[in-house]
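Two complexes come next, and they have one chain in common, chain A, joined by chain B in the first and chain C in the second.
Moving on to the complex of A and B:
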């Protein structure tokens, strides 16, 4: 029973940044913007949150700064992907490299070190501990809440319908008076907000920022989007399954016989299998990655 | 919105300028810094490992050893930070071509790069940290981390109430096995000394040196299995180990640099590995004309490894603990107690002597 509880708690912790980035990826990709930049949103969110909390001494302001930083990165990303004919994949990878280097440069200018921010003081750590609900950070509950919210938004609301329309056929949506540019920009900003919260979680989880700390969670999230076939519920289910797998593998590694590499590689193997069409057809939004004709 | 204020042409020029700025920045950091020769002054370069400055670990310490040498010995210093392992060779080559008197390769990941460069520059002196390169112009500076790890393992045995302790390693590599194996031997021997059962040492691999969130998660897993002391040999991932230990209300043990101040009350001690001293000593030997190549090993006897006791962890360690650790320290330094470097085939023969 206690083992089961440990696995459930571990899964929820592993899943928090993954779920948020996955839902962000779904929003962005359903509008037609390929999002390889989730990693950079996570990093920006984590960096902003750590610097904000350390300078103001307030968790709320820290979280706010983290979200603002991620939104700024998403804004740059949205401008590149909607107002130019830039290749979305190249733009995303470039942004990841840029934000990774920018956080290190900022660490040097603020804290005179290239590695990590100073750890949060005991006061901040105590407030982080007391902010928990049922043993989990608020971001974890928000991530779980975000799943039905995003699903509802996409499936049952007018903005959601427009978002999907732009992702399938922007020209057609335009002819009906929908601004594809505005829809895609807002979708990417939404991805920035959700994923940025995932970044805030990363920094608050350990009480500091260190370079490269997103550690490919953004790419794993993108894998979840593909495995979930661009649908919020299934993508979220993929994220939770991978998190569960990692949590189980962590427990099994204790026994000393379970190679850790297998669960870490499985998400990417599953992604390849899904993309190759073995388990049903993975149909991406028709206009995914197509620049707007302007 | 369609006829937005930024026209596509203007945007294109902005993107062009930005990418040019990026390329210039990349070129500036690419070549590493060279220092002009001055008559009568030795020139020493340090090529850092992936991870670079700010790791609060061996890169930072190698750099600070170089800084000390430049202040106190008047050497001319330079350092390079390759962005990827594939660039290590180019950096080493660069300083050798520039005619530096001594070029350091920091870390075992640079072994094969140095093997090639040292063969091409037989007249340049090189030194590598944490690995052995068997060439006539290379000094191999290695540490007996298992000796320092034995001491912190013994302290863990004295502090653990559950009899279960853990270690989080960054990668499953032989170098880190020395940390784990020393820690395990110290723990088991001290449990025996205290008349207790052997206890359990749980070992987890994070798979990354840059993922503190995973380090914390693994520490919580270890804590849920009953571990109440967790040693980290995992770089930045280890920051998360300390954070996880704090959250679970257990002890963490720092590594390489003294990390006692990071979370006083949680960090029980740190296994210090004095890379800075090794770099400084090599520079001193160079200046004094007695630089030697070949393998040089730094253990407790040479003061190359040790455990940290300062104002931050003093409240956690009582007089009996300190006396016992000093006793073990002397026994290992004198050679009376031999700590095994790697696990042998026969687990019963892992420790010779009890340090009495």
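Moving on to the complex of A and C:
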């Protein structure tokens, strides 16, 4: 019984950043911006949160700084992807490399170490523990709540309709007075906010920042977006399934019954199978990755 | 209005009064679409004004024009296939409190408007699932729910069956009766006389005539459009040479469709030398799939195809071309030409080695140049520059290049899908003459099209397709448009 509980709790822990980044990816991609930069939003969020909490001693200020850092990265990303004709894939990968290097450089200049920030003190850790609701961090509940919210936003609101329209045919949206530039910029900022919260969670969960801390969760989130066929509910289901596989792998690693590499591999195998078109064809938004005509 | 380095419209005056239906006619590239795009705010003029109700207005975009009551229905629909009809129509002015989208209210608004104008559309249908005629109704609704007082229609009849054209004209007359001004761009002069009261004629970006239709006739308008008294010869001598033999033999051909149903089902027919055979049908009745399957672009599920004794069934596209098949596909820029290559490169693409454009792996530049120079002159490609990229040409001129490439290979049988689509009066006549000429010199031609009068004019016989099957075969002399229209919509037996 306690084993099952461990797996459920582990799944929710793994799912929190993955869900948030996946939903961010859905927002961004449905508006037509290929988002390979989710990894950098996570890193920026985690870094900002750790530094903020360590310097101010406040969790709220730390979380705020994490979100601001992620939003800044997303803003740069949005400008590159909407105001220039840059290739979205190249822009995303470049941003990931840049933010990864920047966080390491900042670690050196602030804490004179290349690997990780100092761990949070007992005071911070106690407050993190007491902030939990029903045994989980507020970010976990927010992540779960974000699934129906994003689904509702896309399907049943005016901004949602405009976002989908821009992702399919920006010229048509423009002709009806919808600014594709604005819609895409806001969508990418929305992705920055959601994914940044995932980054804040990563830092608070461990109680410090360490380099490469996002450990490819941003890329895995993008895989969830594709496996979920760009729809919020199915993408979230993919994220939860992948999180479950990772939680099982973590448990196996502890118990040592079975090589944990196998469940760890499965998300990628599933993604490849889905991409190959065996399980129904996934149709991306028609204007995905296409620059706006300026 | 200037367009690139070339002036698309110069010093043009064009007006539409409330309650009036004005035709805007001219050859390909005369500037008709450009003019509509200026008036509807899609393009900004480099000099001159657009006046609405006598007041000059600065149209900073399509939305500004729409707010002033100007709506345009584009030739290539500006719709989002993945969204529903309701979502497409209300985009940009969505009903609902605050940020909420009230789709029920949207559907209700559309239903009311659709009912008022007799436009039958399901607001909840996905646009991708609709046929061309229904998509056009959605485009019209988009404009009508925004309360358009001036309706600009860019070649709206090209894809419609005869009944659809009649409905559209009835709607235009009704709107005019309610005080709307309507501008119609079309290449079909008889449509101008059927529904319009006045015609403005454009040539090379200039207005060369503005005539009340009561005092003029088709020949006079045609002369204005072309600019001289040379109305093109309709057809060349029409006597097939030599004995007739069956060139193309299609038997029981079945081609898979997108869903459960086959796109083409057990279709059989023959084409003899000296024959131009028409393939009529509402857009999407399987013509495209049938052509693709004969050309080898799309696999056949069942059936056999023979070309002058050669069985084509197991041959690839290149082998079928070598066997003597020519193909002008429906979608000229996606399937027919390579936009990023020059006109001359496109012209020799896929040419057989016998024509001498290459030697081993090398292209022989001089021969390619000579071929291209001849084509741009003889087929009147404008601008006549063989080194221009194909995507830089207008649609009509792309079509000329594609037709030239396929015809000059002297195919045993030529498949031509909508050969005159987007071509003006003169180019259409020239294409018709060339197709007839190809037949009289002993080749076979299969032409598909939605323009029935065109098919009736050039074909020796017409196969009518409905829902993937051949619904009947008719002879132009003995059948009229009504009967064919009936067959096209699944009624009647020939």
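Definition applied: the second predicted complex is superposed on the first by the 290 of 294 C-alpha atoms of A that agree within 3 Å, B and C clash if a C-alpha of one lies under 4 Å from a C-alpha of the other, contacts with A are read in each partner's own complex, and residues count from 1 in each chain.
By definition in this document, contacts are C-beta pairs under 8 Å (C-beta built on N, C-alpha and C of every residue); 3 or more make two chains touch, one makes a residue touch a chain.
Remember, it's a predicted structure, so these values are computed and weren't measured experimentally.
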Room on chain A for both chain B and chain C (clash or fit): fit
Touching partner for A:139 - first (chain B), second (chain C), both, neither: neither
More chain A residues in contact [chain B versus chain C]: B
First (chain B), second (chain C), both or neither touched by A:169: second
First (chain B), second (chain C), both or neither touched by A:251: first
Chain B versus chain C as contact partner of A:177, first or second or both or neither: second
First, second, both or neither for A:157, with chain B first and chain C second: second
Contacts of A:206 with chain B and chain C, given as first, second, both or neither: first
Least C-alpha distance (whole Å) that remains between chain C and chain B when both complexes are overlaid: 11
Contacts on chain A seen with chain B and repeated with chain C across the two complexes: none
Partner chain A, residues of chain B touching it in the complex: 1-2, 4, 6, 8, 11-12, 15, 22, 51-56, 60, 202-205, 207-208, 210-218, 220-222, 224-225, 236, 239-240, 242-243, 246-247, 262-263
Of chain A, residues touching chain C in the complex: 156-162, 164-165, 168-169, 171-178, 285-286
In the complex with chain A, residue positions of chain C that touch it: 42, 61-63, 66, 78-83, 87, 90-94, 96, 99-101, 103
List of chain A residues in touch with chain B within their complex: 2, 6, 10, 13-14, 17, 79-80, 83-84, 86, 98, 104, 107-108, 113-116, 119, 125, 129, 179, 181-182, 202, 205-208, 210-213, 215, 250-251, 253-254, 256, 260-261, 264, 294
